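Next up, some structures in structure tokens.
Same chain, two partners: subunit A is paired with subunit B first, then with subunit C.
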Partner chain A sequence: MSSKQIPTLSRRELLAMIGTVAGSAVSYRAMASMGLIEESTYNGPVKLEGSPKGASVLILGSGIAGMVSAMELRNAGYKVKVLEYNNRAGGRNWSIRGGDVYTELGGFTQKCEFDKGLYINPGPWRLPYNHHGILDYCRRLGVALEPFVQLNYNAYVHNTQAFDGKPQRYREIAADWSGQVAELFSKVTKQKKLDELMSAHDQEALLESLRSWGALDRNLKYVPGRESSNRRGYEKPPGGGLDAAPIYSKDFIDLPDILHSGLWSAIGTAEAFYHQTSIFQPVGGMGRIGEAFGRELADVIQYNSKVVKIHQDNDKVAVTYVDPKTGGNPRTVTADYCLCTIPLSVLSQIELNVSPQMQAAINAVPYSASVKVGLQFKRRFWEQDEHIYGGITYTDMPIGNIGYPNTDYFKSGKGVVLGAYVHGRNAFEWTAMSPAERVRTAVELGSKIHPQYKDEFENGVAVGWHRVPWTLGCAGSWSEEARAQHYENLCQIDNRFLVAGEHASYIPAWQEGAVTSAIDAITRLHHKVVNS
Partner chain B sequence: MNKMKMQGVVAAVLLSTSAVAMAAEPDAAEGKKVYTTICQGCHMPDAKGAVGAGRYPALANNPKLAAKQYPMMMIVNGSRAMPSFARMLAPDEIAAAVNYVRTHFGNHYPDVLTTAEVKAVLPQKSDYERH
Partner chain C sequence: MSSKQIPTLSRRELLAMIGTVAGSAVSYRAMASMGLIEESTYNGPVKLEGSPKGASVLILGSGIAGMVSAMELRNAGYKVKVLEYNNRAGGRNWSIRGGDVYTELGGFTQKCEFDKGLYINPGPWRLPYNHHGILDYCRRLGVALEPFVQLNYNAYVHNTQAFDGKPQRYREIAADWSGQVAELFSKVTKQKKLDELMSAHDQEALLESLRSWGALDRNLKYVPGRESSNRRGYEKPPGGGLDAAPIYSKDFIDLPDILHSGLWSAIGTAEAFYHQTSIFQPVGGMGRIGEAFGRELADVIQYNSKVVKIHQDNDKVAVTYVDPKTGGNPRTVTADYCLCTIPLSVLSQIELNVSPQMQAAINAVPYSASVKVGLQFKRRFWEQDEHIYGGITYTDMPIGNIGYPNTDYFKSGKGVVLGAYVHGRNAFEWTAMSPAERVRTAVELGSKIHPQYKDEFENGVAVGWHRVPWTLGCAGSWSEEARAQHYENLCQIDNRFLVAGEHASYIPAWQEGAVTSAIDAITRLHHKVVNS
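And now, the complex of A and B:
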């Protein structure tokens, strides 16, 4: 923007005026109303006012979207019933614990041999502070939460093609990267190369901020000393008593080496809105949320029910379901409305009469591939040997991550890590392996980061989402074209039928998408019922 | 970068040469590799598919494979539970996979799908959203 235009009051100037005159609370609301602050789309428990006039809603699927819908519609006076394929509530909100048996498509059966209290979350594993909806349901259902460590400065970043394949501490990469970039930028500024872009006054402030951000010394240099060691760590940290003076760290990693290693990508990952502190996890496993919902809705969920046909007419919706194991014993249940949370990968194969536009939308969303592997070790060597307490190591190997347990710190005995969280083409390849092969490969690759793997590994569990019998994939995978063409058609109420779930949201694969989609769907449905 | 491009050209030349030399059974090893490392994730090692809440169709003894364009378009475009592999697999991998399933698992269709035929139908699509 040119500064030589006719002066008008900018949005920023207007807000500054409002802030000065009326105080920050008014300013905040003004900013929100002008779209400068992204408010959550979740605004507290949904209020469905007005009588549903005895209407009934049949909900398909007891994942997060289905159970939010069931709970709220029941509270609003609807007659609700939930049909669920599995013999448990939660859907992808799921923890596998010691003793659990899981059979994937193809008949591959695993019995989890983890010790008591240890678990793996094959699906979602974190609850960002800004996902107000799912967090509010945890609060309302009494699900205890604890911190999830997304960014651990002492965990590793690893590229097989950089630093001779040796894992690097995130702390050192981050400090040396920002320190040297800040020094470079300071140098350019002092060489007057920014004079055309910034006033001298602004440049002074810029230099001060670079000094702080990059841990530069008073000469704006990133050099061995108090400032840099305070970021990247010491060669010998300060202690107490005699011979306790610190030795500053001096073996910095050269900027070009960092740049070409690609390891800086972990810095951006850690900064993402959904990865920012604070993040939570349910105590005892993500599955605790689904279990709590399941208890709340015990009298309305019917398990072991595989939906095979959904037919609506002007008076009602009739849903036919069978026994998932035998495919037999067909039964039909009717209701005034049907809210369907079945994943589109499955729903697209179920006989259904809706508009061609909605059917096209249901057929248009492929599901992403993802594989997670949980590994049990004899001892918590990542804590005992390497001082890594929770958090995530990132690698370019197909395992993608090593996720350390964010609970039970310093405990003696066994521990379970997320040994692989595989995406993209690698995830399809890992899905094509047998579960035992996935575990074996995760151990083999992980041992390049933690050599202790080979001695300490005991057993593992692996879930490839395209082989999960009730989802046929991980999560709805939208492209820009599919969004433009199909998203609104997917979210319509088609006579007496509508869908909800993470697939009907702009945050697919996150539970918040399921919650906000469900609340939007039942709010619109309720409006229709009350006004019909 | 230039070096990588050069290697790519050399590899492409070598590939096309070997394809001519092995015209009797084109890219069977490649087809098997794609099938066992990708396709069997859903269609299963025996190509008999699987049934859960939804299903993955069997490729074994499947008359729909009679026209080579059908499996090609399924792989390129996807449909329902089947994702598009247009951006994940190279055209020669797609051709090899199609030729492999059409000549294995009880299927006996001798006509061959070429890499050029696959390239001709590859759409220019944007990436899926990340999550």
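And now, the complex of A and C:
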């Protein structure tokens, strides 16, 4: 347990007492005033106090977890070395840019043909405001951030089985759903059907809140007029000069059509804790974080080093690595400790002597499937033709998302769109395709939403995460059962060996999981070293 | 009427027929496919075809309406001259920066002491995605735009009369309101109280949508757990390594407390058509638009020219102006036509010979009151201490809003906050204060939300729009009655004189009103000139 948790626990005990005596309202305010309602377990730069006594740590993997560990341990006085499979730092923190070459499992090599300045993030693409750890490393490393647009009211929601397969504007679905639902329940309330559940005084206030939320008129109706057009948009918006009066939108989408379309499911997406505003992306691509770490750690990262064996004894850890291209030239390096951030999907195939419990944990975690496709177009037609500036279109087609670039708004010239973000069963099917076929399919399906695709498409790149040689999957996908049985065993220090990474966290697939896992691991390792 | 409206009208007639025959669903889809559901009446750069035959136009005011008119008329071949009261272009499109000096009515002079790079926008601060006109001028003038954060889930909502006056996080109010309302109406639905209003099949889908929207659990309850914490936040969020399991938030805010606090009213704010994402601001301040226009029109704008008289006869228009500082040095300039963008609050006090109907219209429009205060702080404590990155805190105190800077996120150093955006009766009271007193009051009230104010405050500026000599108010505030009686009279061409500006639009106070008004005015003027 990290020492920072200890005061929290005793405060929590105190609050349990307050809650018992005075009820939840007092308890809530007490918690808020004591700062106990937290957004993150990250509490500012980690402090590793006390001497490491010359200890050395070999870190496997230069992803976020590996580089956080390397930077902090080096700063605390450890001798640090990082072995990295790739010829770059970052791991899944990665932006593919024009000129980049990438070879996936099976031998397909792609050379990215994007124009200068354009990129796609095949891995993580968002930095929520409540992920204080990764945000603080951006600050410390000087990585400039800009807003990520999670929700765009003018983007589309799309179900091939509804509305004749025509995409709908989010704002119209959201406004017509909330408006008609608010009207329905206002009616039920006025029919006295809540009388057993709520006082008349509360019902009055409830109706006011429903009117505000649903954009209802004075009579609690969702009808054509000022309020509804101020949400869903106008048939003819207000203008200037003569003939400038608005014509209110009147052809609402019937509530049952919305309900059975399932398109309402997009409404909550931007309200999820990790999607809420403010949410950010690095200027120039997510890979800017890995690149900044890489510069910071240039003297300790050794690239092009594929780990094939990890062996510890009572004195040291020995790690053997080879050239990842040839599998040849094996060399062995030793250290006092080894912190391993290699994904479990890969680590489970590497010879390693740890406890049966830890080995069972390493073997227990399947990796989720995901495919991302980046598409370059001749012009930013989504902005110019459709007035969609950033954000995401959601569809039930296998492409899942179309993500518009959240940068360079209103610029002329080319643009790169996230043309597919494929999950689940579809992702396995897409991983089985060649990269060129993934790109072709993304263009084919995307053109059902944006007919401009066919004329404007230039080139694309596709990453199927189960074919990425150094991860063999997207992210650790813990079942609740596996976590109950194996998670604590995975996170122990096994003699001189321990792991870190998003797979050793409760925030799988997010970089914050890698950061908080690394900080917890090095804090415990340091405690062991200082007290040994 | 502008010619672009004509096809729209006939299409609308066609659609009325479709609607009658086939019902609203077909009508809706037909409208969408015909592009009839519009976001703006701006249809791309205006085309003024045909020769102006050497005609000259004198434009009064270099705000957005005046400069759009000047640029387009000049490009169409007119001889154009602009008279401007101030020594800068932009009008209410204005950013106050360090070193700027501003003297308001009554003689108070402020010298802004902000650090380099910091600014406040005393006038407009937002550019909605559906304001295609002003956005297109930004594009054409090369004004870079960045996202404006309208909604920030981690900012506060605050009512001095609720929750002991303690500010609440928006995300907790929003989640607890929607969760408990969704649970309440799910219960009513399961109690069969909707059976007369909706089929069982529809009710099933309705319950699914309520569950998704309200973050309810499988049993349609809003209870501590994964779903609710994924909206309102955690008591202890998930982390990495050992002791990293989340503790779900359990001290919800009771629904009646939320209902009677009125804080739910913030929920709809970001859903308004002009506040929806994506929404923008110019990089470096709203004033960048006026400055860019000013550079573009450097050869036709004459600054420091206060109009005191406008006289037209059958041959020309003569405009007399003086030095605004001294009221002296009167000079007269003539032109074939005069397009006047001077706010009606000022124009109504200038000698002018127009029809009684137009003069009555000019006299009929009161101007809304508004005060904005910008405050510079030593550090960006709202980010560093409270993890609020951009967006707005809402309060019932007279300051109304606290607007955090939507730029330079995570930077160290100083920052400028919109410390007050005062409306209505409060704005008249604040206008009566000295600028220093407005600043002092904004700091005093704001410190009830951010106690850091008192230690961190450095300096501020305050603009009370009714004391701005060249507008005498914030924006035209049409009543429905005044609009019915006077609006069309205001927008006519009176012999050689016509007006443009947000006051001659159905989008008062927004720059898009100025743009669309100007385009309508010059289109009609050009039609008259070409056909005369």
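Simple rule for what comes next: the second predicted complex is superposed on the first by the 495 of 532 C-alpha atoms of A that agree within 3 Å, B and C clash if a C-alpha of one lies under 4 Å from a C-alpha of the other, contacts with A are read in each partner's own complex, and residues count from 1 in each chain.
The rule we apply is simple: a contact is a pair of C-beta atoms (placed from the backbone, for glycine too) under 8 Å apart; a residue touches a chain by one contact, two chains touch by 3 or more.
The shown structure was predicted, so the numbers you read here are calculated from the model rather than taken from an experiment.
Asks: Applying the document's definition of touch, where does A:Lys306 land relative to subunit B and subunit C: first, second, both, or neither?
Replies: First partner only.
Asks: Return first, second, both or neither, reflecting whether A:Asp254 touches subunit B, subunit C, both chains, or no partner chain.
Replies: second
Asks: Contact-wise, after the overlay, does A:Gly77 reach subunit B, subunit C, both or neither (first, second, both, neither)?
Replies: Neither partner.
Asks: State whether A:Ile507 touches subunit B only (first), subunit C only (second), both chains, or neither.
Replies: both
Asks: Could you tell me if A:Ser265 is touching subunit B, subunit C, both of them or neither one (first, second, both, neither)?
Replies: Second partner only, subunit C.
Asks: Applying the document's definition of touch, where does A:Pro246 land relative to subunit B and subunit C: first, second, both, or neither?
Replies: Once the two structures are laid over each other on A, A:Pro246 reaches subunit C alone.
Asks: Just subunit B (first), just subunit C (second), both, or neither: which does A:Glu429 touch?
Replies: first
Asks: After lining up the shared chain so the two structures overlap, which partner does A:Pro324 touch, if you call subunit B first and subunit C second: first, second, both or neither?
Replies: Only subunit B; A:Pro324 stays clear of subunit C.
Asks: Both subunit B and subunit C touch subunit A; at which residues?
Replies: 507
Asks: Considering the complex alone, what residue numbers of subunit B touch subunit A?
Replies: 36-42, 44-45, 50-56, 78-84, 88, 125-129, 131
Asks: Hey, which residues of subunit A end up touching subunit B in the complex?
Replies: 85, 105-106, 306-307, 324, 327, 342, 344-346, 348-350, 363, 366-369, 424-425, 428-429, 431-432, 464, 466-473, 475, 477-481, 483, 507-510
Asks: Tell me, which parts of subunit C touch subunit A in their complex?
Replies: Residue positions touching the partner: 1-2, 5, 8, 19, 24-25, 27-29, 31-33, 36-42, 129-130, 132, 135, 138-139, 145-147, 149, 151-154, 163-164, 166, 171, 174-175, 177, 181, 184-185, 187-188, 191, 193-194, 197-199, 202, 205-206, 208-210, 212-213, 215, 229-246, 249-257, 259-260, 264-265, 267-268, 271-273, 276-278, 280, 387-391, 406, 409-410, 488, 491-492, 500, 502, 504-507, 512-521, 524.
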